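Order of writing sets the labels: A, B, C and D. Residues in every chain begin at 1.
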Amino acid sequence: MIYRVGVVGFRGYSGAELVRLLARHPGVETWLVEHRQDAEHRPEPAGQPAARRIASEPDAIAAAGLNAVFLATPAEVSLALAPALVERGVRVIDLSGAFRLRTAEAYRRWYRAEHTSPALLAEAAYGLPELCRDRIPRARLIANPGCYPTAANLAIRPLLEAGVVDRAAGIVCDAKSGVSGAGRKPSLRTSFCEVVENFSAYSALDHRHVPEVLLTSGLQEAEFSFTAQLLPIDRGILETIYFRAAKALTGERIFEIYRQRYDAEPFIRIYRPGEMPDLRAVQRTNFCDIGFVFDAASGRGVVVSAIDNLVKGAAGQAIQNMNLAFGFAETEALL
Amino acid sequence: MIYRVGVVGFRGYSGAELVRLLARHPGVETWLVEHRQDAEHRPEPAGQPAARRIASEPDAIAAAGLNAVFLATPAEVSLALAPALVERGVRVIDLSGAFRLRTAEAYRRWYRAEHTSPALLAEAAYGLPELCRDRIPRARLIANPGCYPTAANLAIRPLLEAGVVDRAAGIVCDAKSGVSGAGRKPSLRTSFCEVVENFSAYSALDHRHVPEVLLTSGLQEAEFSFTAQLLPIDRGILETIYFRAAKALTGERIFEIYRQRYDAEPFIRIYRPGEMPDLRAVQRTNFCDIGFVFDAASGRGVVVSAIDNLVKGAAGQAIQNMNLAFGFAETEALL
Amino acid sequence: MIYRVGVVGFRGYSGAELVRLLARHPGVETWLVEHRQDAEHRPEPAGQPAARRIASEPDAIAAAGLNAVFLATPAEVSLALAPALVERGVRVIDLSGAFRLRTAEAYRRWYRAEHTSPALLAEAAYGLPELCRDRIPRARLIANPGCYPTAANLAIRPLLEAGVVDRAAGIVCDAKSGVSGAGRKPSLRTSFCEVVENFSAYSALDHRHVPEVLLTSGLQEAEFSFTAQLLPIDRGILETIYFRAAKALTGERIFEIYRQRYDAEPFIRIYRPGEMPDLRAVQRTNFCDIGFVFDAASGRGVVVSAIDNLVKGAAGQAIQNMNLAFGFAETEALL
Amino acid sequence: MIYRVGVVGFRGYSGAELVRLLARHPGVETWLVEHRQDAEHRPEPAGQPAARRIASEPDAIAAAGLNAVFLATPAEVSLALAPALVERGVRVIDLSGAFRLRTAEAYRRWYRAEHTSPALLAEAAYGLPELCRDRIPRARLIANPGCYPTAANLAIRPLLEAGVVDRAAGIVCDAKSGVSGAGRKPSLRTSFCEVVENFSAYSALDHRHVPEVLLTSGLQEAEFSFTAQLLPIDRGILETIYFRAAKALTGERIFEIYRQRYDAEPFIRIYRPGEMPDLRAVQRTNFCDIGFVFDAASGRGVVVSAIDNLVKGAAGQAIQNMNLAFGFAETEALL
């Protein structure tokens, strides 16, 4: 069976990446869903085949037989579209932050807006397969994780589960992201001349991705210090995570913890103690690469977690979730 | 005497460069002229001294005793402000394209807009000191040249004056500019993710800077092929200019032509035959560096002309013009 | 049948791209051929499958049953390896400049070295399929074209064949390349701090890729002005080509010339008159995108030709040649 | 009096910056000291005035009347040159790591080499004026601090002196540097194609700049976690520093601590609570900009410290030290 899937926001960076990756998928047929007309013209070669297009009317989408729709849209657009689609039996994979938290109250605090579908918010499955795969296959609505929490949770949770982290000393996550994470809408903050040859921190201790880390890792807010920073590159996230050991620990033991936890995971790659991934290792892939250094004498550890924010941090993970939802091999179109 | 000079558009890239360079000038006091309020906030250290500020009301500007105002503004704003300032005896140095051409007709063709002050347009002095210094000192309105024509005219005119160019074969000027030349207003075209790791041509044969080259060099439109291109860098213009010799010629002779023409010019630097400047040589300076390669056997020549688009291509040249207008040393604040 | 193919120089940029692209090819098995040991260590995830490796001994390579070997090596290494491989019945696709010209004399002039296999030089097939496909399938040695000539010839030859270019006025090709074209060997010229925020011209009128353009296009040296320039990006070549029409001509007619010439070519894409490709359109693809602007009044034309220097300019074209040599679909692993 | 000062290593990035800054200084005459001849040719305009040059012979340097010499050289070169110069009464400002630690033992551990002048090592003054100005004016040998420790110590020590940091929980310093900090010698690690669009961590917990932080701040090694990372930019260091409060604390109180400590310091600028500097604020200046965010509820703090690695992190600070040594205004040539 060929599934029909739509992409809302296909002109944005995550949406365009979705379209590019879906083109490789033998089991789906991609439809571009026009939401708001935007006039941005990009020169294109003559004579290219036309894509299938449809307007973002829920009834039309259901009538056209679309099995799923990816929302690569701002949270407020996802809030407007998701309920009507789900109601019509169209599965939704939402790449925005609209359905990632559990309660309307948490949404209000971190997104500074009212949530208009709290029941659906409570129902949504959080789509980080390696850590919460169970609920994804049958979910009507999958909340695709934020890019920062994806890299952070994959690195942190195995260590917490193994009980080797001194939580009282706190975990520090110093995160750096390429500019595509901020979306395609022009703004001064993402203008070339403001970003190039520059580097800057933003949302220190107060980023809206923080609650996703807390929910998935079980850390308390006071135990987790997070700063997001803007790298002068197009794509890639690298997070440098600092912790202190709760008990006697070695680099080899940490290596074993990660390997055992992720042994069967095709998208998680662990480096030998003392070796660190860089962004080149993961760009344009769905991998999350994890490396670390540990000083046994003092119990200090540094973990580096790297992903491509548009792939494992957005479009790739969304397709991984779709593969789970439709029963494809989880790696289809992603390796 | 200390001259009072105002800068309209001081938050833009050229305007900010003007403020930065004027701060080094012992003979002027700089006033920031608020035109349209823009909310852009950039974090700043606490406790910095406040700048002198004034609104862009011509009467207020005259009453405050400003001797000159730099307009680092779009052409339509310059068209609105310049006449009223000139009328009140405030000298104007306009960095926009509003007063660079000679006739309203030419303005209409290249800027696709009506010129509202054709008399002032006819009166304005074109502020390219090395090629037309005479009228600058006494001008009420100085039209600061475009960045592309500055680099092009300085390289081309000596060769044309010396009669060594085969004009019938045409001159090609392949121009590349950093992104700051497009101004600070956010747009998709100048967004980081669109520019980085990219390179693109625009306005081939049809750039509004072309008529400035024709007016200053004396070339006919059909003799001059120009393409502007966007470099993934902040600042700098490099133009690669191709010509064919009209008669027997050598690299040494070309070197002599340039050296004689620019012998007394502090801001023009000529390279030995076969050596070419790069952008690093001129960034953050008011220099125009010129190098070339010439093949005597075939009569083919390649000239490279490099400037910083924000300095010799904008703010630096504007101050050079101000120095001429007020009788300062031409290099004051610029070396 | 599965073909065994080796890659010499697999740690270089072109070689690594070959390995990456060949991994997608269902009809080949890739062997890494160790030539000179280089100690460069790049951190890698633990537990990756080992690649097939072999030393660069021609006898060993033949004994292992390799059907073809790609030489992603400097010209002097290719000169040393190619004859022995060809002799042993191993087909060679050479990515260096060693076998691209026709005579030892031309090689001496442009490469400033003696050619040690002039007979093989004369025999080699020039591997630019769109313009000289005939001899590739049966060639023992395929000389993969230079990156600059690939983009130039594909853009220029259709216009010359159609007789619309005024050759006496000369053709100008202003070429810009990403840094990966210079190879992976560290040098000051390709150091980050020398390249970033910079742009520079080199080898004006004297680049060793020029004779490839002359051979394939039929132009005389005096008719062709070429400058190579270094873009502060990783990959991509964009060439801006200027010509004058030999007779009455229109943009639509140029469009038809290109479309007819390349109608059946899967890797050449033509843009509508007035639209230009940028590098983003071709990066990580085997496409050559061609756009142009033409001013019918004056007969001036500007053509932009864009490729990825590591794909259509190196590894992708090499695989395209291999596909022809082994009878695969020409697009296998490349779309 | 005009002082004569020499620069060894003037072709390197720090050395070139020294020469550039010294040219603005009215009280000194700069001599280029040739050490090892390096053939690197960079095109230059014709007719530039020749610089004063001298060989790196200590006797010649003393005979020429040089009052001070800057060593912008690797540690082993500084070890070879500094003792002989000091002996001849020439003051030395060393930009390498050769004389920054206190004991040969510490040098052996962190630099993995023997120190050949332990007495001079013990005698040298550490040239971080804002924190240890006293011994600089009369020192024969000034050890100019490392770039990372400059930014770290200026941010950390006021908080430690005020006793507001919970040292048991540890301080994390996540440091990012532009590539010029690695010097001008070509290497794969600093090649353009390896760095651009990339980001990578190195020397986690084990960087040779760590002992400078411990010596100046008084922290124990186990209390300080440091990772150095390579930004794809030319120049600038930004360090993100995480701490936990030892007692009740507010952002306003932290602001006061910094302001009081640095009130009289011309090169330290403090931002209001919640505002952070970026690299643009400090590039090409001798400023160290410090901003922070503090969450009073949980006692978590994040401090950002930014400098230009070639100015406050190298050449600018070296001139600041020279100004102190010769009795010039500390800001001469630096504002």
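We take it that a contact is a pair of C-beta atoms (placed from the backbone, for glycine too) under 8 Å apart; a residue touches a chain by one contact, two chains touch by 3 or more.
No experiment lies behind these values; they were computed from the predicted model shown.
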item: Required steps from chain B to chain D (each step between touching chains, minimum); value: 1
item: Chain whose mean Cα position lies farthest from chain C; value: D
item: Centroid distance [mean C-alpha coordinates] between chain C and chain B, Å; value: 39
item: Centre-of-Cα separation between chain B and chain A, whole angstrom; value: 46
item: Chain A and chain C, separation of their C-alpha mean positions in angstrom; value: 37
item: Chain D residues counted as touching two or more neighbouring chains; value: 194, 196-197, 232-234, 276, 278
item: In the complex, chain D residues that touch chain A; value: 168-170, 172, 174, 176, 194, 196-202, 204-206, 221-222, 225, 227, 229, 231-236, 238, 240, 242, 244, 276, 278-280, 283, 293, 295, 297-300, 302, 304
item: In the complex with chain C, residue positions of chain A that touch it; value: 43-48, 196-197, 255, 259, 269-272, 275-278, 281, 284, 289, 291
item: Complex interface listing, chain B residues touching chain A; value: 13, 40, 179-180, 184, 186-188, 190-197, 232-234
